[in-house]
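First the structure, in the form of structure tokens, and then the observations on it.
Chain naming follows the written order as A, B, C and D, and within any one chain the residues start at number 1.
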Amino acid sequence: MKTGFVLRNVEFKNRVLVASGTFGYGDETRDLVDVAKLGGIVTKSLSWKPRDGNPPPRIAETPSGMLNSIGLANIGVHAFIEKKLPYLRTLDTRIIVNIAASSVQEYCDVLALLESQNGIHGFEINVSCPNVKEGGLSFGTNCDLTAEITSRLRALTDKPLIIKLTPNVTHIGQFAVAVKEAGADAVSVINTVIGMAVNAKTRKPKISTVTGGLSGPAIKPIALAKVYEVAQSVDIPIFGIGGITNAEDAIEFLLVGASAVQVGTANFIDPRTGVSVAEGIESFARDQALGDVGDLVGTLKAKKDMSVLQSWL
Amino acid sequence: MKTGFVLRNVEFKNRVLVASGTFGYGDETRDLVDVAKLGGIVTKSLSWKPRDGNPPPRIAETPSGMLNSIGLANIGVHAFIEKKLPYLRTLDTRIIVNIAASSVQEYCDVLALLESQNGIHGFEINVSCPNVKEGGLSFGTNCDLTAEITSRLRALTDKPLIIKLTPNVTHIGQFAVAVKEAGADAVSVINTVIGMAVNAKTRKPKISTVTGGLSGPAIKPIALAKVYEVAQSVDIPIFGIGGITNAEDAIEFLLVGASAVQVGTANFIDPRTGVSVAEGIESFARDQALGDVGDLVGTLKAKKDMSVLQSWL
Amino acid sequence: MIIRDVEVRNVQEVARGIFVLSFVSLELSGSTLPGQFINVLVQKGHEPLLRRPFSVYRVEEETVEIIFNVVGKGTVLLAAKKRGDIINILGPLGIPFGTGGSFRNAILIAGGLGIAPMPILAEHLRKNGKHIEVFAGARSGDQLALDHLENTHIATDDGSRGYHGTVVALAEQYLREHPLSEAKIFACGPIRMLAAVSAYAESVTIPCELSLEGEMACGIGICQGCPVERLDGATRYALVCTEGPTFDSTTIILRGA
Amino acid sequence: MIIRDVEVRNVQEVARGIFVLSFVSLELSGSTLPGQFINVLVQKGHEPLLRRPFSVYRVEEETVEIIFNVVGKGTVLLAAKKRGDIINILGPLGIPFGTGGSFRNAILIAGGLGIAPMPILAEHLRKNGKHIEVFAGARSGDQLALDHLENTHIATDDGSRGYHGTVVALAEQYLREHPLSEAKIFACGPIRMLAAVSAYAESVTIPCELSLEGEMACGIGICQGCPVERLDGATRYALVCTEGPTFDSTTIILRGA
């Protein structure tokens, strides 16, 4: 049974990674999770300088989902290299470093510094960051800027370069096309959806920044539609992300066109979710007598003349 | 206790309506619901000719939500006038007719015909319809076209004209500004969010059209953020819609800036939800010793300098 | 049509994975006709979001029963209900079977949980003086729920009980050997089975009513979520919840069969 | 740190709206220290989505207890658990109270459900040979849960039992009248109360540890969701789940107090 895949010469042992910002720097759960059973770990977004993040409250629960406004709190790329990377290097899984920045130059600086380090297998670029030049509008909603970031970073690395797209745009497929043309090896789809929660009694927003990012099972239908749209638009690999809590969820993403998946919010309920998703996909593929988990990718039967009546009998 | 509000000289007895497509034509539930306790009924979207709608399956449940692809199935405006309007006229509540079309001209034709009828208090325009001229892309994702529909319809009626915006755009505030300038009296925010569901075992989409519209509690955080964004962008009344199941949900919409709300999917679980939401809002306002439910509108205690589109990760 | 919180009286596993749940409702027990269904909210809250439709299985004085297969989260939750738990019901819904026509012999054909509307149907048919033959099929013998039915003929896919084959094949064979005049067929079951029944009924020109199931959001005609294609008619689709779930087999097209 | 399904042994209402839930876990009972918490998944499925954090209330041989107030959907579900039901727990989490320092007198101040960590704390302090005085406040007398505690001094907001006023005012008054040397304060409760305790401790220069509560998504340091502002230090925020929930009162800023 083949479970792995290759992205720009880097081999991943299976198609399940843990998503940025939902698995810390990989060391917090060392007692709980056998990360060697994961395809890879995507680190928390790193910026050039450490970032404090937003004031509390940063978290609110919503129906089958949650909102967050962490504010890119992170230890900064230098502390990451010094304190976290040595441990990550010892792990038998792929390490994808996620980068956040508030200017195109900062993206380049962070990536260039990381490029000089051993033990990093690829980069994922979080473009859902406020662009200081444009008054805080996110880079990721501007197609030209997203492409520019991609091509600038492409010039700096020969490792897998993955652009993580925001769902908060009208036509996500156009962004996928733009970053592919700018040299991206893959796209991650999706980051969180803009949302908001209010406490009716206190009349206050439930998170300090008023709006935040919605994640979890509630957004799975949105994420599947975005992955499907991207899969119709480009032929580069897609990391499907959004509301995955079990193997069946993950398989849905593979069927609509994702080459691999990332588990996010579900890690907060159980950080071993990624491992059980990987195991569940493997046994599903085995039950279906597939030789390769990859045989599931993009095999949705999207016929329009489906059964009138689903049978329960 | 004042519960009502006025929109372009039309008085609504309270701020709770039932949403288009989720309450039929108002007669199906006559044994169950005392519609005189509602601010109004928004009818199923009507087109010029009857529409069959999409093949089944049209419905799929998702975490705290549902997907639908009804395909604008409706009896057409002529049958509506003949068979449904006479009953609606007998009801002691406001009747808002929702209009769907596949060309700008069709919107105008339907509205003009309805304009000649008694017993209609206003129009809500569903712009989330495939535009045949643009290969099926929805009108509602094109700002100029949305404004054009608005101004063409504005010229045809002196009744309240409400444009129902789609959330599936990058900057919904821009659409609100455009329709306001084109003469809309109010906006309804939001229609369903594009989503998708897949049956992993059969590898088939769970609804016949592959993607569909996500509604229900899962989307409430998204809807609140969109209403908030619109409220920051324009000063015309907003009908807040999305995932409302109880009075507290509705109050959250009022706080972020909606002047009234519409209850959608919750009607499928209990068609009396709108009535209990209206009653619940009233008793909440009474407990807070407010003289007018309207005193809740837009009173969220939030720092307005936090941009809606600010990144939070 | 009512919406009510009702108290669960009893939940019992009557065959493998198949449960009967009973509750008390004078309003429903007094008004429900065979083939009608109720829409059950299995618990408050948003998960699962929608009601679940179930045919009324039996009415016994003030008690109403449904029978169901545990297939997903709604039925898992229902099967775990205990006496005294509250569920919310909406009903009775839909168009009942036509039990009062001029026919003399009723042929009931049920595949799997298609057995659900048969006991209440048989009860009404008996009252109307009809003779009844019941054909019940299941995957295997331990998945048969035959209580409250007489004159039953059994088929199983695995041959573990009764006829080894489909229930429709069994019914055809039996009726060939024991022809019934002035008959009418009532069928409920998987779509393929209904299609086979429908084809058989047409071939022998026996009137036939089918009870359909399909995804439903509301059950009361306000969502347009439950279309079934008409053979002809002014509109292409009928709504299963308000124009069905029972249909004359000659009026609809069974897709996916 | 473990993740386990555990069986509920007992759920009991010990004061109005306040429940104690016990379960068996040798791993937890053997390793949990006072002030640590567990993160409870109240049921499988997506609603509610996140775990709920609760201080460990007591450990008795292999049994672990939590105490909680019914405030929302998670605690409603927990209160309805029956013996034999399964919940999933993650723990023990967080930094425990410092029970082993050079102080001789321990002053425990609890507001409302701030009583939660006090019994296990008192037990450890007793073992370490400390003298203990407990100050417990509640809105009214029927919301006090004082089991397993000695030397208790009571305050209620409505005066229905004990001192009429805040628990901090009571403690201040008592300690003025009965000064305790070489003392250390341990406090848990609402943010305003903690701020008052903190100010008092500073004014009388008694070392003081606070146990904080706040929204948490993970409880294990991977979401960055639970910041509390540091008074100074390299970074602006500490994480309540991994650097707390117990903090020396001089190291953090209590906002919203």
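We take it that a contact is a pair of C-beta atoms (placed from the backbone, for glycine too) under 8 Å apart; a residue touches a chain by one contact, two chains touch by 3 or more.
What you see is a predicted model, and the numbers here were worked out from it, not measured in a lab.
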Contacts common to chain A and chain B (chain labels): C, D
Most widely separated chain from chain B, with each centre as the mean of CA atoms: D
Pair exhibiting more inter-chain C-beta contacts, B-C or B-D: B-C
Chain centre separation in whole Å, for chain C relative to chain B (CA means): 36
Rounded Å distance between chain C and chain D, as computed from the means of their C-alpha atoms: 55
Centre-to-centre distance between chain D and chain B (centres being mean Cα positions), rounded to whole Å: 46
Interchain centroid distance [CA atoms averaged], chain A/chain C, Å: 46
In chain A, residues with contacts to at least two other chains: 21, 63-65, 68, 70, 216-218, 305-310
Per-residue multi-chain contacts in chain D, two or more chains: 46-47
Overall pattern in which the protein chains touch one another (line/ring/star/complete/other): complete
Chain A to chain C touching residues, read off their complex: 63-64, 305-313
Chain B to chain A touching residues, read off their complex: 55-57, 62-65, 67, 141, 168-171, 193-198, 200, 202-205, 208-211, 214, 216-222, 224-225, 228, 243, 248, 251-252, 255-256, 284, 299-303, 306-313
Contacting residues of chain C [partner chain A, same complex]: 46-47, 69, 71, 111-114, 188-193, 212-215, 227-229, 240, 253-256
Chain B residues touching chain D - in the complex, by the definition given at the top: 63-64
Of all residues in chain C, those that touch chain B in their complex: 1-3, 41, 46-51, 88, 90, 214-218, 220-229, 235-237, 242, 255
